[in-house]
Structure formats: C-alpha cells, structure tokens
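Structures for review follow.
In what comes next, chain A is part of two complexes: it sits with chain B in the first one and with chain C in the second one.
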Partner chain A sequence: MGIISPGFTGRGRSGSDLPPGQYLTQDFPVLSAGPTPHVLPEHWEFTIATESGEMHRWDWAAFQRLPAEEITRDLHCVTRWSKLATDWKGVSLDALFEDVETAADFVMAHSYGGYTTNLPLEDLLDGQAWIAYQYDGEPLAAEHGGPARLLVPHLYLWKSAKWVRGLVLSDTDDLGFWETAGYHEYGDPWKEQRYAGD
Partner chain B sequence: MSADVPTYLDGNAAAGALREVFAVDLTAAIGKCTGCGHSAVFAEAHVYVDAPGMVARCPGCDNVLLRVVSTPNDTYLDLRGLTYLRISNTP
Partner chain C sequence: MERTALRRRLTWQVGTVTEVRDETETARTIVLDAPDWPGHLAGQHVDVRLTAPDGYRASRSYSISSAWTGEGVELTVEQVPDGEVSPYLVEVLKVGDPLELRGPVGGWFVWRPEQAGPIQLIGGGSGVVPLMAMLRAHGTAASTTPVRLLYSVRRPASVIYVKDLKELAASEDVDLTFVYTREAPAGEPRVGRIDAALLQAKAFAPADDLTTYVCGPTPFVEAVADLLVTGGHDPARVRTERFGPTGGPR
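Entry: the complex of A and B
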C-alpha cells in the first residue's frame, strides 16, 4: 500500500463517485446557448423579488461585503461530463435570503442574456447553494458565468445559472429555458433526472 | 480567454437535425424573428450546439428563433421565436 493513498490527496477518485451515466473530465467544458454576456462588476446587480413584489437589491460593492465561503464540490453536467472537487468562492444563498420574507416554494433564476431555470426554494437554502464569483482562486471568467453565477452543485449544472442577475420567488413551479424544452423540472443527477418524465 | 471568438455556427449546422424533423431542407427557408422582425434565410442564423440542446438565434437581435432538444424518446422543437418559416414550394 502506498504511503499517500489516492483518497488522501483528493486525486484519482474513481468512477464510483460519479452519478449514473456520467464520465469524468479534468478540463472544464464551456456550454453556451447564446452569446456570452460581458457584465462589468460596476454595472452588475443582483435582485431577489418576493411573491408579493418586494425587491431586495445588491450592487457589486454590497454583494462583496456579504460573508463569503470557500466551496469545494463536484459538478455534474447533463451532457454527461462530471468534474470532481472544483473550488469556488461565493456568497451563500442563506446570507442573501436572511432579510427576505417569503412563503413561496419555488424560484425562477434569471440571467443576463435571458437564460432562466427553475428550482425549489428549499434547494437553495441550508448551505446548498451560492452566488459564486471566484473559481480556482481567480475572478470567475465570463465564459464560466462571471462576474457571478448561481452554484447549486447537487443538481445538474444547467440549474447553476451562469451570469445570474436575480431570483423571482413564486408559489408555482414554472419552467425555465431548458425545462420548457424537454429537460427535467428538478434535475437530480443521482436519480438521473435528465429529461421530463425521468 | 477567448471570450470574443464567436461560439456559434451558422444555420447550416442545424440542417441535419432539422431535416429529421421536417423532411425538408430548411437552410434556404426564410425565417422572420418575433423579437425584431428581421427576416433572413435560416442559414444565417447563429446556431449554438455546445449546449444541452441546439439553439438558433436571430443574427440581428440574438432572440431565440428555434430550439431542438433530442431525448431518448422524443424530439422537442420550439419555434416560438419565429413569426413564420417561409419554405419555397419549388425546389
């Protein structure tokens, strides 16, 4: 037995860590359904709109003053690649929701460029989701969703909206961009919920 | 970083997938955008294929003209961004 096991270094994790139907990749594929928005931090704004229409806003400076967390999580894309132990820095949605009064069950995430994706609110809270603005110690590149993206790593990566600009709370589970075109409304990679009806 | 290199292909890239749905070649068809009213041959659309589905966008305003998602059982075709597709009756 080697002195340093693969598990100790965090490298060489095996396929048994992967959800069904996924393969391991070392690079970070860029998927995009449109032109890459280039949003300067000074023009960036993040909003949470409640079901009663109350708006909560953060500009970049206010957002940066919120407590940030270092996050290491596996990513699973519905196009079947998975990337393990990716390092991010971001603000927990728990911090952003601290002063938000809501009884809504569902959220539509909206992005610069028009992308949308729907999630249950409970999947964004309790340390499960972040607005991430650093990847691997660097400011998040535009092609990966910078200046900031939603990060919900326990669901397929299309739920982690790049270039996120706001969340709209709702009592109804409306469908987002890919969910209206055949993708699963929830998207749990461990249950292989790729397509509607899976 | 290569952010300013276009990441789209032209409408011909969508021809294969669309031929399976329509049984006609749509690349010469004229599409009118619901976003800006621009009409152009479909071959001029900007087509994004590195995504969970295929997305064709208006070259004038980037509005989504058409989406195609192929699942194991079904093909989803969303044409809501097109006011019309004009397909010539004469080959």
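Entry: the complex of A and C
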C-alpha cells in the first residue's frame, strides 16, 4: 500500500545507516514505565539464577573487581530515536557467565522496581551484552538505569533493562513487561520488530 | 484487554482527516475517520507515517486524545520546533487528506473503566493528551470513580483543551487544578512548579487502590514521580510516560 502525504517533502535525506523507521537524535531520551528507582551501590546486588535453581551472586565490590570493557555502540529505541556511537563502560556478560552451568535457551532480566524483559541467552553472550555502570565517562545516572543496567545494543533499547538486578535462565521464552503489553518478543531494530507480529 | 488483544498484529491503515482544531499556538487536534480502527484504551498511542513523493518516509508516535466511542480516532500533536513530522501535522495537513496509522500501541499507561480505585492524573504541557483521553473515557463510561487532574502549564494560553476542561471542572465529576509555571491568569497569583505542598493540598493521598498517571517532559516526570514516592506513594501504583530529552547539560 502506498499513499503520498500531500505537501510532505521530509527533511534532508540523511543517508546515515539507521535501521528502518528510526531518526537520529543527539539527546538521550528516557522511556520508563514508572518512577525511577534510586538504588545505592552498597545495597546493589546482581544475581544469575540457572534453570536448576543454582544462584550466582555479586555485590557491588565483587562486580567492580570483574574485568571492565569500554564499549562504543549505537542505540536504537522503539520510540524511533537512534543515538550513534555512545560510550559505555561495563562488564561483559561473558565474564559473568564464566562459571554458570546452563543448558537453558532463554533469560528473563529482572530490575529494581519490578521491570522485566525476555531475551534469548545467545544474544547475551559472545561480546554482545554488558552490565554497564558508566556512560560518557561518568557513573550511570539513575534515570538512565544507574547504578547499573543491561546493555544489549543490537536489540531495541527496552531490552537493555535499566536498574538490572538479576537474570533468570529458563527453557521457555516467557514474555517480559513491554512484551506482554504488545511489543515484539525479540526486538531486532534492523528487521523493525517493534510490536507483536512484526 | 487480555494479552491476546494487546499482542494482536498491527497493520498500517489509511485514515482520512475529517476535522482539525487548533488547541494552542503550537498544538492541534486531528480528527480521523479510520474505518479499520479496532478501538483503543484511554492512554494508548498510535504510529503515524508520512510519505514524500520520492517514497521517503518518516514515522512518529502520538498519544490518542479521544475515548473510543465506536468510530474514529483523535490525536493531539504538539509542534516540536525542529521536528520533521509534527510541523507537517500541525501546519500542513488539512481536512480530506489521508494519513497512515498503525495502532493502538501500549498496554501499560492506560486506564480501563472496570479498574477499581480513584485516579490521579498529573500532566505537564502536552503530557495532558493521554490524560484527556482518560478523562473522556471516564465520562463516556459514566464512571463514578473519583478523578483529579493536576495540569502544569507555562501560561493560560498554553492550556490544551481549555474549554473541555473548564466544562469538566464545572460538572463536579472532575477535580481540576492548573499549575502555572511562568504566568498565571488574573486572580490566580500562584506561579511555580508542582511541589510536595501542592501535592499534599490538591492530589489524592497515597492509597492502596489509587492509580496515579504522570505524563510530560522527562524532567517533569522525574521530579513529580520522585515527589510522589517520597510522599508515600507505592512506586508500583505510579505509571509514567516521559517524552523528550533528559534535562541538564548535553
């Protein structure tokens, strides 16, 4: 189906390499479903629970002792903004999963404040995902998910759970918060998987 | 609405503009006839897609301002000064034009008539749009649920839906408080921002069955949601929708 919008010319064609339907922003907009949780690092804890119930646990000090990486990636939000070459520092999920024994295929990320989002485990490994705690050289602000958030930049940003507190491994792909509310279960920006069924 | 309904596949459809209403100097309501529109919940939004003659496309999401009454859908669009889509919708689009739509979208920042408990609405600027849909749905459903709106705006001329809101306020169904941040009308001397004292005086006190909806620019929502939580509101009962950049240096 193709209709022309009478009188619409559009802004200059940027020619930049954005996923379909995205526009470029220099700002860093915020999408959150509720009030911003304010979690102090000394009260922070991150866990990975396997499908057999085995728990792996890090407090802030133990987490900070893990090898950190500098990460520069483009971000794509389902609300259509993209922000290029953002600078982060965080711990690779590969490091966190080093001693985790699992045969599960899926992960539910849980956040302080109750947010959840579901991802395939393979999207979190092999240098694709981090628990990030610095943005642009500064401690990550609470409104952007501080003290630490999941960062999975190859998927729409709602998958990069702010205020992350744990991952629960599962054999089934259950739906998280926005996924239950009508958003896509996977969320690949290059395939424009915004909403269920896309 | 059950999960199956919220996860229904959404396809693009063509609506036709049947009316436009200038709400303020920069905000306009667009009334659309959309024969395939499946209906919506108050608070949901819709994706709008524009296509240029060379095939170039631009899409954005806008909040729906109408309650579902069985036909059509209304959006209210605030013009973003350096925007690409909103200036077209506010200044160029005219009655009779086609407009591509996809929706409704969003299943969290919504009010359902069957949900229990009073509702507190708090809007900043054009953040009032989805809250207006809730007020209208409240009226359409003849709901007796107590509802209050705190509406923060720069000045009287910035008030969207001024006539509708004044009618609602006069009907006693709705408790309405304007908060003017730059310039107040004669006889209402208070100029300032929503603070703890104002929430104490004008908003519902924390309650187990209260649902609070806060919508506006990101710094506004951050400030109000923090005040609510500090004031004893359960964060799980405060639903937010933010737009625009975070404040501060950038």
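Here, the second predicted complex is superposed on the first by the 183 of 198 C-alpha atoms of A that agree within 3 Å, B and C clash if a C-alpha of one lies under 4 Å from a C-alpha of the other, contacts with A are read in each partner's own complex, and residues count from 1 in each chain.
Note that in this section a contact is a pair of C-beta atoms (placed from the backbone, for glycine too) under 8 Å apart; a residue touches a chain by one contact, two chains touch by 3 or more.
These numbers were taken from a predicted model, which means no experiment stands behind them.
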Partner chain in contact with A:Y195 - chain B first, chain C second, else both or neither: both
Chain A: partner with more touched residues, chain B or chain C: C
Touched partner set for A:R80, first chain B, second chain C, both or neither: second
First, second, both or neither for A:T180, with chain B first and chain C second: both
Which of chain B and chain C A:W158 touches, first, second, both or neither: first
Partner chain(s) touched by A:T36 [first = chain B, second = chain C, both, neither]: both
Touched partner set for A:Q26, first chain B, second chain C, both or neither: second
Contacts of A:A103 with chain B and chain C, given as first, second, both or neither: neither
On chain A, positions contacted by chain B and by chain C: 29-36, 79, 114, 141, 143, 178, 180-182, 195-196
Of chain A, residues touching chain C in the complex: 1-11, 13, 21, 23, 25-37, 79-80, 113-114, 141, 143-144, 175, 177-178, 180-182, 195-198
Contact footprint of chain A on chain B as seen in their complex: 1-3, 6-8, 46, 48, 50-53, 55, 57, 62, 64, 67, 69, 71-74, 76, 78
Parts of chain A lying in touch with chain B, wherever the complex brings them together: 29-36, 38, 78-79, 114, 141-143, 158, 178, 180-183, 194-196
List of chain C residues in touch with chain A within their complex: 3, 6-10, 12, 14, 50-53, 55-61, 84, 88, 92-94, 97-100, 105-109, 218, 222, 225-226, 228-229, 235-236, 238-240, 242-246, 250
